[in-house]
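You will see subunit A twice below: alongside subunit B first, and alongside subunit C after that.
After this line comes the complex of A and B, so read on.
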């Protein structure tokens, strides 16, 4: 076992900050504009990161604290900021996420909003969430925002037939896929958030400053009347989440599922849907599973016994571990910058036979990961673009998945979920390994 | 039809509530070039309206990301929560060329104290000290820089005291920056804070003599897309000795030794003119404004440097380099003009880029119809002549002004008063900068700190052939059917400086403004549908 001393500094972090996750989640609500209450630079940095991954406009307004604001409080900036934004964008909803400054001075945003009366004649709703960068990661900010949306907007009433789905921080392609699957099962599902269109939109004849798409506010309000909530992600907490809140407030049953990455996790997912819908797995998906397993048979010899370092958001790491283990790749290090305290248990639950060879690390940074990876003799890395420095240093291929991917195009179109996503992951992993062998071959063969 | 800029201005303002619109009106100006050489006054370097979606970053970004970021052998530690450090990690294509494999390069590292609740409540100095000691053990750098983020100022951590202690304990240079994000109105405040500290803690600390001839510092060149490499090559071929660059491809020792130069050549006036002034006061080094963006600007800048040194051999070499390079430049210019002449551009970027890049467009026959800086000040728009009338507001007062006096032993005026008068008489504008607006056309729109929704309106009204900004604007611009050139990171293209860079730029813009990609936006069936609708209607 490699012992790594915990260091005071984080060296090349494997996590981003909470307000980024908040902005991402808010982009998945129809007619919503994210608004950061805090320093101007937060909005700029976060926009830059989200935009360079999704390659789509991401407008985030900011109240812009000055030195005086830090002394006297940000109430005036918040109020005038909301009025200015409403006048320019006519949003249906403004989602206010706090950054470090108002949190450090202890500003009560809920109270400020309670006393706020919009100047203009365009009505808009507000939702607020506390997301200081010094607490948790971008994933925590994401989940906190989803919870805030539900807690501040969902209403109770007679139960309707639809289901709630909290997919977690997946890609626009994943969201589109999930919607397709639910529709194929005949399940009426409200996904929150849903940035499948807002962060992967078409080229337009006429520019829209708030892109079409997202979870409609009306659907969000009806989440309190759903028959069940599916909360996706094995590392999701069993307290303090959106689905837990809906359960305790409105009695909407909560069902927790892993991210369907790979065959086995997808089988569990499809079985759950089949049960909810009361119908068998649609033939289209059964066929996709068939083709996937067929490709596993064809190509397992290329991947079997290979060793991988897996990193990223915790639920992604769990899903990828499940997938890699089932195709015969040994995940040697499963690491995340997140610190849910649940990663190890979740990884072990899905790792099957590979479980004994895995080191699981929460709160990891890339410098430590590089140092550990050196002793674990991996064949490839799988995770975001940020692992590139480690991959380069160790001269290993990096298979880009998750977030952020800003040194390749198409990050928003990567499909991780379901049989179809597993097919893409499997092809990517296999072809990367074949390409590597080909590059290293003295023969330069093009056929084998 | 050409839009009326005054009407456009009114339309932009109409989207703001009255009070905000009144303030904003002073930042949107229709350019005039008056007979006395003056231009209308523009309000700049003021707070962005709350709720606006701005291009601007923060003080920390200017300090850590822009100025110190490209220096390979100063180890940077961000003191704060994780976001700030992460977002400023290896940005702006911080290219650097270590001289050998042993040469330190910390640019790939992003060290952060990753503050948590505990530090916010009980203070973060302890963790910062531990991080510095640990970084020293790991890397043994020549210098460590500590950057404060927003909460640090609020909780009262004294990064400067920690730096002093650590400097004593470790025996290397350790210095801190009070560059909390909220301090200034934009990254400009961060540039100033960064440069002040470099001046206080580094410049003049290395007395190694420089026996070479024609020694200059290049100030305000940040090596985006490898620009500095192109300029370094030009200097070398001309026989000009580059002592230091602030701060593209820079090193600690070069900063420390920079007082050995005989001339400061200033590229980005905004981010560094005060360093040029301080070096003149303390060491007697005069400065001139240069511009290595655009072939004409490059030639002119090289000639000005030669003129300053007044050496026949140097002038001859400079002329030789210019004529060697201009053959290819003119060939490409001629080729692209056939396709680009008369097309229009808008530039909203930087504190000097919106000015410098207009010259490249002009060389292609393209016209700049609107421009503005993200973080410029009035003197960058109107020229240094307005400096005495620039109002100092609370935000500017926040930034320390260093009071510099001539150095007791090292002050040596490189040119006497008479020589400077002669140089001025010969056309060299010593310590001068005329600003962007005097070079822009009458009736062009000049907008400071362009807001996102204003950009959307401008695109709609003017439909320029190309829009230059950064990645934050890029995809919105392209959704509107207009190509967007990033001038912060060059879309991973470049270099664009010097003669070779100009050729790169001409070719790239030519491809962008003449691309056929937009014709695919409308699907064929959409056209048919429309035709059918028209038929039914008729």
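After this line comes the complex of A and C, so read on.
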């Protein structure tokens, strides 16, 4: 059933609120602790949500609004909260993100911080970002935080040889992969954020107040002196981003790239790096590409003509569409809870021959998605674990990628990017389809 | 680890000193409290009512984070597992959300035909001044079902206040249904949320004893059952933090007595059944005998296996950190049944008398803590060389990161831990985590092996 009049309510949202994105981004800065200026529950819910995906401690402090705070303002709570946090965690940086409550009562956090002087002996920096949950999604909160970090910390000066990379909301495995690729090209890259270790760390003998890893604040400062910023994500805005800010403030050139998901988008990515580094694609990666395309050929008949529902964060949806289209899968519905206004154009730019058969929807929730999917006869769904209720209802396989993965382990280790990531995605898609056919076969072939 | 000055009064070590512990107060600003908010308290209590519409009025986050997060099972409708939000945007915040709320309610009621609707107010609803009560009244009149506002603005207190707001909403339902045909030997089960089907286990015990269960509030809950809950002869209250207000109100206004019970662990489970049997001894001849037979049969099934687990677990050390202190009592006793010592115990929302009781129950040297945080908890785990940590999702990574076994005794458990069967599941789960060979490969395990 497709609802005729759009419903006023959101049913099973395919998005989260902006402060979650802020906390995630702040976990990717070395020595940083996220601090929410708002109610206790916001921090707790977001911690729980992130912990269930990353399976790592995620400490998020909160000022903790009470009725009195709401009436008289949260200045005292903010100040004592920052001091208490500093005394316990000894952070190098505290990232303060606002929730809907202080934003609604009109609290001027920037002003409060301007007048704030830490009590303790150990100095720490503060960065502040406005992330009311009534504006945008978790992805918007993520990008706003990256921008705030850059705007409040980066400094200008003589240009150095390094490059800035704004990878977007990718997995820790993706971040590790990107770092490897840049190193293989001999490119010195500062990734912001970098939670590849902070949210995917080893067993410890002693609890770490702040997990090791993350973009060093020193590197963040030097971002104003880079020779270029790579901004990854076709749905990123052309205004108001971290890279745009560095460009206008310090003249750092900006280059926008799609998420390198699949061969074609990865080719564009590797070509850009090759040009920046002034050297050919390293043999290791050329070979990975070779094996990937070889596997596409080996398995093309299992996937050709199959139909997929693709959902999640907008840049991931665009990347997955590019990947599915190039292997002959027809994406029938490309949906996101985000509302950038740029999803359709971005999807169509990468969809190749599949373009005519795609419905693109922004601002979707899972209930509506399920209702639409029913009429589109898909063979599988690809997206986060929150699509499971739809998959179960339609009796379709769900290939889990992106964020969050709450019903399987290893969400933080899923690699989506590059030839290597495409290989994993391709094997997952193909084997899922083969397994489904095998399960439903009256013969039970033991070979394929 | 340095415990914040402001936090020191909330940590106590059992010794010769009498209990000195601060509790039931707002969390210290900037501490990473494991607590949630008023909204969370209301949401967890009402969530299991399966044939009601649960609409969260506010920006999207609060509904998204509470979508199907709890293993509160229903034997029928599954409406509670869907997440509905008015998803307020900037313009709604400026212009007010009443119209959107009314429209959302009407549409969802037409779509899902619920027996009642709960409307949860989130933080900013309290600030932008939406008249949620008025909207609820209008929609209720229009659609002919109860539409109940839940005053759960996140900042208006602690999780406890959220429990109270939920009880207030329930009190508007209780008393509106017919009590015809209800047996004089009847109970309501309050404060069991049917995680992993636990209320079904408990209900089965009572039915075997010849007791009618009128309403389960709220596990596997139904609106019509709650409406006639005032016809029961006795309220049994578990999770006293969340449901005591409802029980007390029903005693005051309807004259229904209540008993505090717990269904966790052999001792507490048996006690709950015997207490209930005792209450009905006059009205139901033979009930005490039937109860003894039931308990003895259940025990004979599980005890041999429990004894096997005990042999493997004897002398191991446990830490417990849970939402309500009442559950902690049962856990300390259940762990003792398995031969384990509880060396640290705490809760998010315990009261003074709860902690007094914990002090009585625990051994010398046990750390008792109120409203703790990851840094304190991790330091206690290390100091006390704990083998097992019992808590919820937020506690799990603290244990695992330090190479300590973990048992989820919170919303997400998939195995029932209540009842006699639940005790066996609990023992098995504790054993499965404590005895796993993986710890040997961790730095802490290697250190332990060396020493």
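As a convention for this text, the second predicted complex is superposed on the first by the 442 of 448 C-alpha atoms of A that agree within 3 Å, B and C clash if a C-alpha of one lies under 4 Å from a C-alpha of the other, contacts with A are read in each partner's own complex, and residues count from 1 in each chain.
The working rule: a contact is a pair of C-beta atoms (placed from the backbone, for glycine too) under 8 Å apart; a residue touches a chain by one contact, two chains touch by 3 or more.
Predicted model, so just to flag it, every value in this text is computed and none were measured.
Asks: Evaluate whether subunit B and subunit C can sit on subunit A together after superposition, giving fit or clash.
Replies: clash
Asks: First (subunit B), second (subunit C), both or neither: which does A:77 touch?
Replies: The answer is both, since A:77 touches subunit B and subunit C.
Asks: Regarding the shared-chain residue A:119, is it in contact with subunit B (first), subunit C (second), both, or neither?
Replies: first
Asks: For A:249 in the superposed arrangement: first (subunit B), second (subunit C), both or neither?
Replies: Once the two structures are laid over each other on A, A:249 reaches no partner at all.
Asks: Have a look at where A:8 lands relative to subunit B and subunit C in the superposition and call it first, second, both or neither.
Replies: Both partners, subunit B and subunit C.
Asks: Based on the superposed arrangement, let me know which partner A:56 touches: subunit B (first), subunit C (second), both, or neither?
Replies: both
Asks: Taking the superposition as given, does A:44 touch the first partner, subunit B, the second, subunit C, both, or neither?
Replies: A:44 contacts both subunit B and subunit C.
Asks: Which subunit A residues contact subunit B in one complex and subunit C in the other?
Replies: Looking at subunit A, the two contact sets intersect at 7-13, 15-17, 19-20, 35, 38-49, 51-52, 55-57, 59-67, 69-70, 77-78, 80-85, 87-89, 99-101, 104-105, 132-135, 137, 201, 203-205, 207, 209, 367, 389.
Asks: Using the touch definition up top, name the residues of subunit B that touch subunit A in the complex.
Replies: 15-17, 20, 47-61, 77, 80-89, 108-117, 119-120, 127, 130-131, 134-135, 149-151, 153-155, 181-183, 185-187, 394-395, 398, 451-453, 456, 459-460, 470-472, 474-476, 478-481, 521-522
Asks: Looking at the complex, which residues from subunit A come into contact with subunit C?
Replies: On the subunit A side, the touching residues are 5, 7-13, 15-17, 19-20, 35, 38-49, 51-52, 55-67, 69-70, 77-78, 80-85, 87-89, 99-101, 104-105, 132-135, 137, 201, 203-207, 209, 367, 386, 389.
Asks: Looking at the complex, which residues from subunit C come into contact with subunit A?
Replies: 2, 4, 6, 26-40, 55, 58-69, 81-90, 92-93, 100, 103-104, 107-108, 111, 123-124, 126-128, 154-158, 374-375, 378-379, 382, 393-394, 396-398, 400-403, 442-444, 447
Asks: List the residues on subunit A that touch subunit B in their complex, please.
Replies: For subunit A paired with subunit B, touching residues are 7-13, 15-20, 35, 38-49, 51-52, 55-57, 59-70, 77-78, 80-85, 87-89, 99-101, 104-105, 119-120, 132-135, 137, 201, 203-205, 207, 209, 367, 389.
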